[in-house]
Amino acid sequence: MIKELLNQQFYMIKIGIIGIGRMGKIHLENLSRKIEGVNLIAAVNPGEDGQKFALQHGVKNVSKDVDSIINHPEIDAVVISSPSSTHAEYAVKAARKGKAVFCEKPIDGSLEKAHETIAEISALNVPFMIGFNQRFDVNFSRVKMALSNGEIGRLRNLHIISRDPQPPPISYIRTSGGLFRDMTIHDFDMARFIMGCEVVEVFAYGNCLIDPAIGDAGDIDSATVLLKFENGAMATIENSREAVYGYDQRLEVFGSKGVIKVDNPLKSHMKIVADTGTLSDRHLNFFMDRYQLSYLEEMKAFITALNQKTPMPVSGEDGLKAMILAEAANRSLVENRPVQINSIN
Amino acid sequence: MIKELLNQQFYMIKIGIIGIGRMGKIHLENLSRKIEGVNLIAAVNPGEDGQKFALQHGVKNVSKDVDSIINHPEIDAVVISSPSSTHAEYAVKAARKGKAVFCEKPIDGSLEKAHETIAEISALNVPFMIGFNQRFDVNFSRVKMALSNGEIGRLRNLHIISRDPQPPPISYIRTSGGLFRDMTIHDFDMARFIMGCEVVEVFAYGNCLIDPAIGDAGDIDSATVLLKFENGAMATIENSREAVYGYDQRLEVFGSKGVIKVDNPLKSHMKIVADTGTLSDRHLNFFMDRYQLSYLEEMKAFITALNQKTPMPVSGEDGLKAMILAEAANRSLVENRPVQINSIN
Amino acid sequence: MIKELLNQQFYMIKIGIIGIGRMGKIHLENLSRKIEGVNLIAAVNPGEDGQKFALQHGVKNVSKDVDSIINHPEIDAVVISSPSSTHAEYAVKAARKGKAVFCEKPIDGSLEKAHETIAEISALNVPFMIGFNQRFDVNFSRVKMALSNGEIGRLRNLHIISRDPQPPPISYIRTSGGLFRDMTIHDFDMARFIMGCEVVEVFAYGNCLIDPAIGDAGDIDSATVLLKFENGAMATIENSREAVYGYDQRLEVFGSKGVIKVDNPLKSHMKIVADTGTLSDRHLNFFMDRYQLSYLEEMKAFITALNQKTPMPVSGEDGLKAMILAEAANRSLVENRPVQINSIN
Amino acid sequence: MIKELLNQQFYMIKIGIIGIGRMGKIHLENLSRKIEGVNLIAAVNPGEDGQKFALQHGVKNVSKDVDSIINHPEIDAVVISSPSSTHAEYAVKAARKGKAVFCEKPIDGSLEKAHETIAEISALNVPFMIGFNQRFDVNFSRVKMALSNGEIGRLRNLHIISRDPQPPPISYIRTSGGLFRDMTIHDFDMARFIMGCEVVEVFAYGNCLIDPAIGDAGDIDSATVLLKFENGAMATIENSREAVYGYDQRLEVFGSKGVIKVDNPLKSHMKIVADTGTLSDRHLNFFMDRYQLSYLEEMKAFITALNQKTPMPVSGEDGLKAMILAEAANRSLVENRPVQINSIN
């Protein structure tokens, strides 16, 4: 009798997740415990650690076989959080089976293959969303809403600061695709999201100011990128692989009627006033702390768009355009000249 | 084979929860999903809504029979979040069965019965914790740590501001025991927690400045309480049943080497600069937003103390002392004079 | 010919100043250099240092003879910044000669004599202003304006923090009249100014938490005072003779539509973000830094009221009422009971 | 006898000032009333308004004849605040007479003439200071001190925001030399001052986003400039001719050990918390409010350097280098390419 209380009244979207590493665990936990109207029925991971995590969270079908999800007749949507090199393949396979796809960025390391993948999925006409979680951060999404309400009028300038607490291992740097593709990619997407307008030109300065080993690995660790938008507005992005004071993620947008800023959340709201001055608490450590809720909101937005059959909040095109900006920044850095976006393809 | 991955290596504390209303749901969710090393095996609630909630969270034994928990041989600890009038009875029953008890405040509406209950449980020598969640708020617990480290020297003054966004219904006011027992009780505990020292005298002003209906119901809606501590330090508490700008929970403690303050978290870290000035976001709505994480930390602290066999972080004595301060404030208000704490019993 | 450029078109109020110590120098400098429409024509001081200061600032008649100002036929207004014990005598003398009077607080150390002095000057019907400079601080005057505009509705609570950076010498303490008359006096006036309403009852706690020598001198160094207003609103004042982090002067007033706060200005708007957190600059050192401009605005307000024949912005009655509150606080402290204001006279 | 009190014990530097317009009045008031050890004995201005101002401030020799200052045998130093087109001529004339020179920026509208002027004055070996007042702002000078103390380690990035409240008249725009020479010039100097290092390359974007009439007058009203320093560090400057919320002058510098920021002072330290959020006061209106004290500190620094025979805190070379950066930015804007500084001369 009591069990009857649990009978469902409405349709639950059935999900399979591919890849249960760091990012996959976040999505799996959100899908299994924190989102209404969804049923995570299958999880695939090559290693045991991820499989165990899925079982502990009550996922029924857990295996290492990707096709068990791709071919599962009841699965409506697939979440892809496997290694980047597999994104395009799995996304296309799932789309061909008519499944909605949520895919972590990037679609592919190669701009050409990303183009093809997006084109094919687009032709298949299935819902497809790229995982740019920062758009769903409570701060940035409120900024977007305020801008859409015209609260600061027409936009003129944007400044984004994005600094990691410390550099990744050199081994990671080597395969990362470089700072612009690995780190600035989020800021390129944020710039387009905030300005609501396309970039026409990119100029990039970059340097190795933190660790010469990063330079030896062929990358930079510090960069400043200037973007020119089609409406004449401008943006700057400041990136660093190291900030001793913690993760630093801010932006400030200036318009004809004012400024909107996002400052960093801190570890607490405690302040100590002493003879040296007033000390606020430290920044959060890294993106897992700062953006934890944004991953949940991101996944909720995917599910909501599926339920309501509205356009995906981040499209494949969005994923592609951020990659093009990274490519333009790379060329600008190498050739020390402003690069037109329409010259990239 | 995969299932073997789930085999437990260590002992899991077995918990039963009594009462799955607003507070019980918070504890149930935390115990079932967010705390390691614990196994919530039974839940009791008279109504179906709470029972359904327990089943959905995977609790195996769900019923309306309190004895199914009290008498359960495997249950190590009981969490009591039933209506206040039942706290003392259930706590004593569980303690007599040798179970550890986590009990929501207040122990009882009557100071006399609270005394007796604490005395009996104390004699039974079981772990017993009262639910003053605000001590576990990240901000206030960091303040406590900083004070313990001597960061601002010897303490001189404390100021606590605690304002609810809007008054509860008059029906609630009538049975609440009055503002000091219902609302200030948290601030009395906080004052003792922060100052690390006992109050010796209370002087209270109170008034009905918000809604005359609250006065008609025999209560006040606004109060200022002055506390004198045994070491000569002083504290003030400002309470209001209404703050149009949202929940307001701050404190500031002044010592020989500086000041420590806790300000309110806001809905976001966005600011808008316009011709009227710089506008920060709104306060959080109410305690469910502000103190959400504190309930989790509180329960973790209970479990940790059980596991490590250390003293409970909030004792029955703590619960009693806050009640005594409320009683003293009531007398002070009625008699318009400072009231000695040692005159209350 | 060029000299003709300097011919005055309008009447200049002629001022004499009595007393050129610390406070007198501030007034003298403001009157001689920073205020339009006024002509400081005479200055009196017993010692040479003050006289030299007056001469350097271009005052023509400089002497040690108070009557040279009191009897000067052209002088319209007298500024009294001599030692407190002489205030009443000089104020009455000047008023009897029909001169407007600006007098530093207090009117007199004795409440009885202050009563008589105010009564006599009031009967003489000359403009009379008491120097409560903090009302003219840019922050507090903006608060008053916002409150008058009803920006936070009906007022419920006020909290004032006033802490000096370090205690004065014990010799000063001995003759100061005690903390409430010497230091809290400003806060009593501020409370009345902000609340726009009279106090009906005072309860005061005080203690010697900083330096036992202050206690030996018969005074307290730390106090908390609770005020009840005739409309039911409440206020608390926190005082300390020592704050290692610098001068601390804040207030916060809570009303039916919101809160207005004044925080401390800091030495600069620089912040340093490091691995320990974000450090803002130090507080200002003391009242000479914090209230420098308020003395100028205060004197401008005196001159403006004279020119426009409007009521003085701070009356003798205001000076008296602050003294009565100090007296009530003293009695409350000694007798440990709330004291009715109408019992003081 | 009293007059003897005024006898000077030490040498007073004798100053003449040329040009008593908006800026000249600031310098004149500071020199006549607010700086010790200096005697402003002569002032020259073509119009009566400035002459009257000088007389009112007690300057003895007031005329329209520049030579009365240049040839005055007792004058040690000349302050030049006449129109820009006369700076070079008067500076050279005064230097030839062996006088120390404080000259408002720019040395000249023409980079070539500025070069020649600096070279000639340099050969004459007289103290020569250019008026970049912002270096003496309490905030920026504290930043410089903190950086010199190594508080944030090696510098990596600088971001400067400089926005005027509203555009100047089009007539001013036409003769201003363009945004980079007129407005960004301060930021170019600030960038060099803060980074303590020379710029090697400039890239500039600019646009007309505020008023098309500014574009019609051949100028831009919005700009973003990217600087590359010889040590590999980078800086960005954001400029706008209009900010509806008031004057906006901030910077933020990022180094290996942290960040130092300067935020804007506001009109007061009052905040209003209401149901819309927490509102801080407005920004200051314009540079006269924001930088008032910096002009005093600047002039004090000039006098101190003269007295102590130390190097001038801002040299002619500094004036020239800021002009070169402006020239580079102009070229970059026109040619849409990064411009090497060593290509400008």
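So that you can tell them apart, the chains are marked A, B, C and D in the order they are listed, and the count of residues begins at 1 in each.
Assume contacts are C-beta pairs under 8 Å (C-beta built on N, C-alpha and C of every residue); 3 or more make two chains touch, one makes a residue touch a chain.
This is a predicted model, so every value here is computed, not measured.
Engineer: Using the contact definition given at the top, which chains are in touch with both subunit A and subunit B?
Structural biologist: Common neighbours, subunit A/subunit B: C, D.
Engineer: By CA centroid distance, what chain is farthest from subunit D?
Structural biologist: B
Engineer: For the pairs A-D and B-D, output the one whose chains share more C-beta pairs in contact.
Structural biologist: Between the chain pairs A-D and B-D, A-D carries more contacts.
Engineer: Would you mind pulling out the distance in Å between where the CA atoms of subunit B average out and where those of subunit D do?
Structural biologist: Going by mean C-alpha positions, subunit B sits 58 Å from subunit D.
Engineer: CA centre of subunit A versus CA centre of subunit D: separation in Å?
Structural biologist: 44
Engineer: On subunit C, where are the residues touching two or more other chains?
Structural biologist: 244-245, 257-259, 273-275, 281, in rising order.
Engineer: Considering only the defined contacts, which subunit C positions touch subunit B in the complex?
Structural biologist: So the residues of subunit C touching subunit B come out as 154, 156-157, 159, 161, 163, 203, 205, 207-210, 222, 224, 226, 228, 232-234, 236, 238, 240, 242-245, 248, 254, 256-259, 336-338.
Engineer: What does subunit B use to touch subunit D in their complex?
Structural biologist: 244-246, 266, 273-283
Engineer: In the complex of these two chains, what residues of subunit D are touching subunit C?
Structural biologist: Against subunit C, subunit D makes touches at 2-3, 5-6, 33, 48, 51-52, 55-56, 58, 62, 138-139, 142-143, 146, 151-152, 257-265, 267-275, 281.
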